[in-house]
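Both complexes shown next keep chain A, but they swap its partner, so chain B is in the first and chain C is in the second.
Our next item is the complex of A and B:
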C-alpha cells in the first residue's frame, strides 16, 4: 500500500495536449474516483499512473518513489481493465496466477494467494473454467482477482463496471466497496458514471477537458460544486444554471426574458453578470421567487420531475408525490437562500457562499 | 375473388415442381464436376493395379486388376529401375523433409516477423512491412536465377537446406498472421505488461496459443505448397538421391522411344497424392476453424 502523488502531469499526443497539468495527492489506502465525461483525459491519466503511457511533463510518485520511466511491472500496481483483458486460452486459476508465475513466486505461495482471492470473490467453483465459459460478472471478478493476488501498492480501475448490466453493476459496486474496506489498498477508479463516483469514492476528482475541476468528498462536490461544469455534471437531473444580471439593489436578478426575486438580497453582487445555480430538489412549488410555466411532468413514483420554462430558460423541479401540476399552467416556485449557488460568468468558478 | 382462388389453386404444385428443379440442377452440376475431377484419379488408381501389358491395351481396362501389391512394393522399394530412379520411399522421404522444412520454417519466420511488425514500434517499421509485402510479387520463378546463384555460392547445392531455406520467406503467411494479430486487443498486451511478461514471454504464453488455429490452417496450405514444389528442386537437386517425388514422377516418364513403366508411374502418383490428402483429412476441422474463426 502506498500514497500516490501526481505533480503537474501533462500529456500531449503529437501537438494535441490532452492533460494540461494535473495535480492530485492521494493518501495511503484512499479510494479515489476520477470522474468526467468521455474525452476528458481521465483514462489517459490512469494509464500514466500505470506506466502504460509516459507523461510529457510532470511527476508520478508512488509510495514516495518517483516512477517516471519505470516499467509498469516495476511500479507495484495492478489494473482492472474495462473489457477485463483475461487471457482467453487460460483458465481462471492460470489467469490469476500468470503475473505471480512470471515473478517466479514459489508454487505453494501462488496456490495460497489464488485460493484466498478466489474464496474472497466466490470464484472457487470456476477456477478450472475458461473466461468464455463465465458470465460477465464472473469475468469481472476474475479481473479483480488477478489484481488482488498481486497484493499491489495500488489498484487501478479503468471503468470496470461499464460492460455489466444495470443490476450487476449495483451489486459489483457494493462488492468493490466491501473489498476496499477489507484490503484498504489505495485505489484509483475511473468512471463517467456519477452514481458510481458518489457511492464508491472517499474523494472524487472531477475532470473536464484535461483539467481537474474539483477534488473533494462526494458531499462537497454535491453541496459546493467548484464550477458550473461540476454543478451540471453531478446530480440527476443536473443543477439549473441561469445566466443572470443582479439588479442594482441586489434584490432580484434579470434573466433572459424573466425576472427572479432573490430570497435574500445580494448586495455584494449588485449590478454584476453571473450564473445562478439551484438544484431541482431544492426548488419547491409555492413561494415567490418566480413563476414557472409547466411543460411536462415526469412521474418517478417517490418523486415527480416538473419540467418548465422561465423566460428563455428551461427549469427542472423535483417535488414529492402530490397534486400533479397541469402542463400549460403557471406555478409559483421558491427556494432557500442557502441553496443558491453563485458562479462567475467569465471563469465559471464558484463565487459564493 | 372466385377467379383469383381458381388461379391460385395450382400454384403450390407448380412451386413445388420449381423447387424440385431448382434443387436438382445444382446437384447435377456438382455431380458432373465431381466426375470430371474424380475420373482421372480413378484411372490412376486402376492403372496402378494393372500389369504393363494391360495398361498398354487400347482401351485400357476400367476395373482394378490384381497387381496392386506387386506394383506398390516395387515402386516403394526399388523404383523404376529401367529409368534408374531411386526407390519411391527415398523420394517420399525427401519430399517429406522438404515439405515439413518449408512449412515449419515459413510458419516460424512469418509469425515472428508479423509479431515484430504488429506489436513493436521501431524505426522504419512500415518500410520493413512494405518490403515483406512487395516480396509477394517475387515468387521463386521470378527470382530463380539470383536465388540459384546465392545458394550455389553458399555451397548449398544438393543439400536439404538448399532445398528448404530459399523457400522459407513467406509474405502471405506474414500478412495472414499480421491480420490476426491486429485483432488481438491492446488490453492483452497491457495486462501482460503489468503482469511483467517480457515480449518473448508474451509471445509464447499468449500470442502463440491464440494463433493455434491459424497455424493449423497455414500448416495445411504450406505443407501442400511444399510437397508440390517442382521448379526449385528440379534446378537445384541434381543428385538423384535428393529427388523429390514430384520430380521423380516426371523422371520416370520416358521421352521419345524410351520405355515407360506406366504401372509404376501410376503407383508412384497415387503414393504422391497420399500425404497431402492425409494432411487435409486429418486437419480439416482445424483448417476450417482457422480460416473462419478468431477465438476470443
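Our next item is the complex of A and C:
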C-alpha cells in the first residue's frame, strides 16, 4: 500500500493539451474517485498513474518514489479496465495467476492467493472456465480478482462498472466498497457517474476540460460546490444556476426577465453581477422568493419534479408527494438562505458562504 | 438475427448466380470431369485409339519411384515454402504494427510483392541468382560458395523455394497484420501492468490470440506451395536440373504436355485434386467450429 501524489501533471497529444497541470495528493489507503464528463482527461490521468501514458510535464510519486519513466510493471499497481481486458485464451485461474507467474512466485503461494481471491469474489465454481463462458458481472469480478491477487500498492479502476446493467452496477458498487473496507488498498477510481462517485469515494476529484475543479468529500462537493461546473455536475437534477445582479440594497436580485427576493439581504454583494445557485431539492412550494410558472410535472413516486420558468430561466423543483401543481399555473416558491450558493460570474468560482 | 435476403422474383437469384456458376462449370467442373474420365483411359501415341484400362493408370503412377520421389519432394518443398513465407511475414507484421511514422508506406511496400505475377517473380530471382550474370550469385561466389543452380539440384531447389516463398510473404503479412490489429490494445496493456515484457507478451498473449490466423495461413500456404507454384518453377528451373525441382503439379504438366502420357498425367491430377479437397476440408472443419482462442 502506498500514498500517491500527482504534482503539476500535464499531458499534450501533439499540440493539444488535455491536462493542464493536475495536483492531487492521495493518502495511503484512501479511496479516491475522479469524476468528470467524457473528454475531461480523467482516463488519461489514470493511464499516466499506471504508466501506460507518459506525462508531458510534472511528477507522479507512488509510495514516496518518483515513477516518471518507470515501466507499468515496475510501479506495483493493478488496473481494472472498462472492458475488463481478460485474456480470452486463458481460464479464470490462469487469468488471475498470470501476473504472479511472471513474477516467479512459488506455485503454492499462487494457488493460495488465487483461491483466496476467488472465494472473496465468489468465483470458485468458475475457475476452470474461459472468460467467454462468463456473464458480464462474473468477468468484472475476474478482472478485480486479477488485481487483488497481486496485492499491489494501489488499485486503478477505469470505469469498471459502465459495461454492467443497472442492477448489477449497484451490486458491484457495494462489493467494491466492501472490498475496500477489507483490504484498505489505495484506490483510484475513474467514472463519469456521479452516483458511483458519491457512494464509493472518500474524496472526489471533480475534473473538467483537463483541470481539477474541486477535491473534497462527497458531502463537501455536494454542499459546497467550488464552481458552477461542480454545482451543475453533482446532483440530479442539477442545481438551478441563475445569472443575476444584486440590487443596491442587497434585498433582491434582478434576473433575466424576473426578480427574486433574497431570503436574507446580502449587503456584501450589493450591485454585483454574479450567479445564484439553488438545488431543486432545496426549493419548496410556498414561500415568497419568487413565483414560478409551471410547465410540466414528472412523477417519480417518492418525489415529483416540477419543471417551470422564472423569466427567461428554467427552474426545476423537487417536492414530496402531494397535490400536483397544474401545468400553466403560477406557484409561489421559497428556500432557506443557507441553501443559496453564490458564484462569481467571471471566474465561475464559489464566493460564499 | 436472420439476415437472409428474400427475392420476390424466383428467376432473378439464378440469373445473378449464373456468371459464377458458368465460370465454375467451364473452368473447373468440365476439365476436372474430363481429367477423371481420361485417368481411366489409355491413348496410343498418335491419339487415334483409346482403351479403357480401369485404375491401371493410378496403379502405375503410385508404383512409379519417380512419382513417389516427386511426392516427397513436394512435401519438402511446401513445408519449406510455408515456413519461409510465414515466419518472416509474422516478424514483419509485428514490426509494421508498431511503426508509428509512415506506417501506411511500410504496409503498402510490404504488400506489393503479392501483386507481381508468379512467372515475373520467378524471373526476378532467376536473374539475381543466375550463375553467369546474377548480382547475388556474384556475391555468393566472392564468399566462396560454388553457386550454380543450373547444375546443382540442391541450389536449384533453394532458389525455387526462395522465389515461391518471397511472393507469399506479402499475402501472409496482410493477414498477420490484420490479426494483430484485431487484438485489443487493453489486453496488451493489462499484460504490461501484470509485468510481462515484450517477448513474454508476444508468446503468451499475441501468439495464442493469432492462432486462428496462423492456422488459416498454414493451410493456405501449403495449398499454395502444392498447386500455385507452377509458374515460379516453370520460369526458374523448368523442373530441373535432372528433375531436382519437379514437384507434383509440375510433373502433371511435364508428363501430359511433353511426355504425352495423357492417362498417367490425368491420374496424377486426380490425385492432386483429392489432396486439395482434403486440405480444404480440414480448413472448413476448423473454421466452422470457430475455435477462437
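The rule we apply is simple: the second predicted complex is superposed on the first by the 353 of 353 C-alpha atoms of A that agree within 3 Å, B and C clash if a C-alpha of one lies under 4 Å from a C-alpha of the other, contacts with A are read in each partner's own complex, and residues count from 1 in each chain.
Just so it is clear, a contact is a pair of C-beta atoms (placed from the backbone, for glycine too) under 8 Å apart; a residue touches a chain by one contact, two chains touch by 3 or more.
Keep in mind that what you see is a predicted model, and the values were worked out from it rather than measured.
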- In the superposition on chain A, see if there is space for chain B and chain C together, and answer fit or clash. clash
- Give one of first, second, both or neither to describe whether A:177 is in contact with chain B, with chain C, with both, or with none. neither
- Message: So in the superposed three-chain picture, is A:329 touching just chain B, just chain C, both, or none of them (first/second/both/neither)?
- Response: neither
- Task: Identify the partner contact of A:77: answer first if only chain B is touched, second if only chain C is, both if each is, neither if none is.
- Result: both
- Message: Which partner chains sit in contact with A:130 here, chain B, chain C, both or neither? Use first/second/both/neither.
- Response: second
- Message: Just checking: does A:236 make contact with chain B only, chain C only, both, or neither of them? Give me first, second, both or neither.
- Response: neither
- Where chain A meets both chain C and chain B, residue numbers: 50-52, 71-73, 77-79, 81-83, 85, 87-89, 98-99, 102-103, 146
- Item | chain C-touching residues of chain A, taken from the complex the two chains share | 50-52, 71-73, 77-79, 81-83, 85-89, 98-99, 102-103, 130, 132, 146, 150
- Item | Touching residues on chain B, where the partner in the complex is chain A | 185, 187-188, 190-191, 193-197, 201, 205-206, 209-210, 295-296
- Flag every residue of chain C that touches chain A in the complex, lowest number first. 184, 186-187, 189-197, 200, 204-205, 208-209, 292-293
- Within their complex, state which residues of chain A touch chain B. 50-52, 71-74, 77-79, 81-85, 87-89, 98-99, 102-103, 146
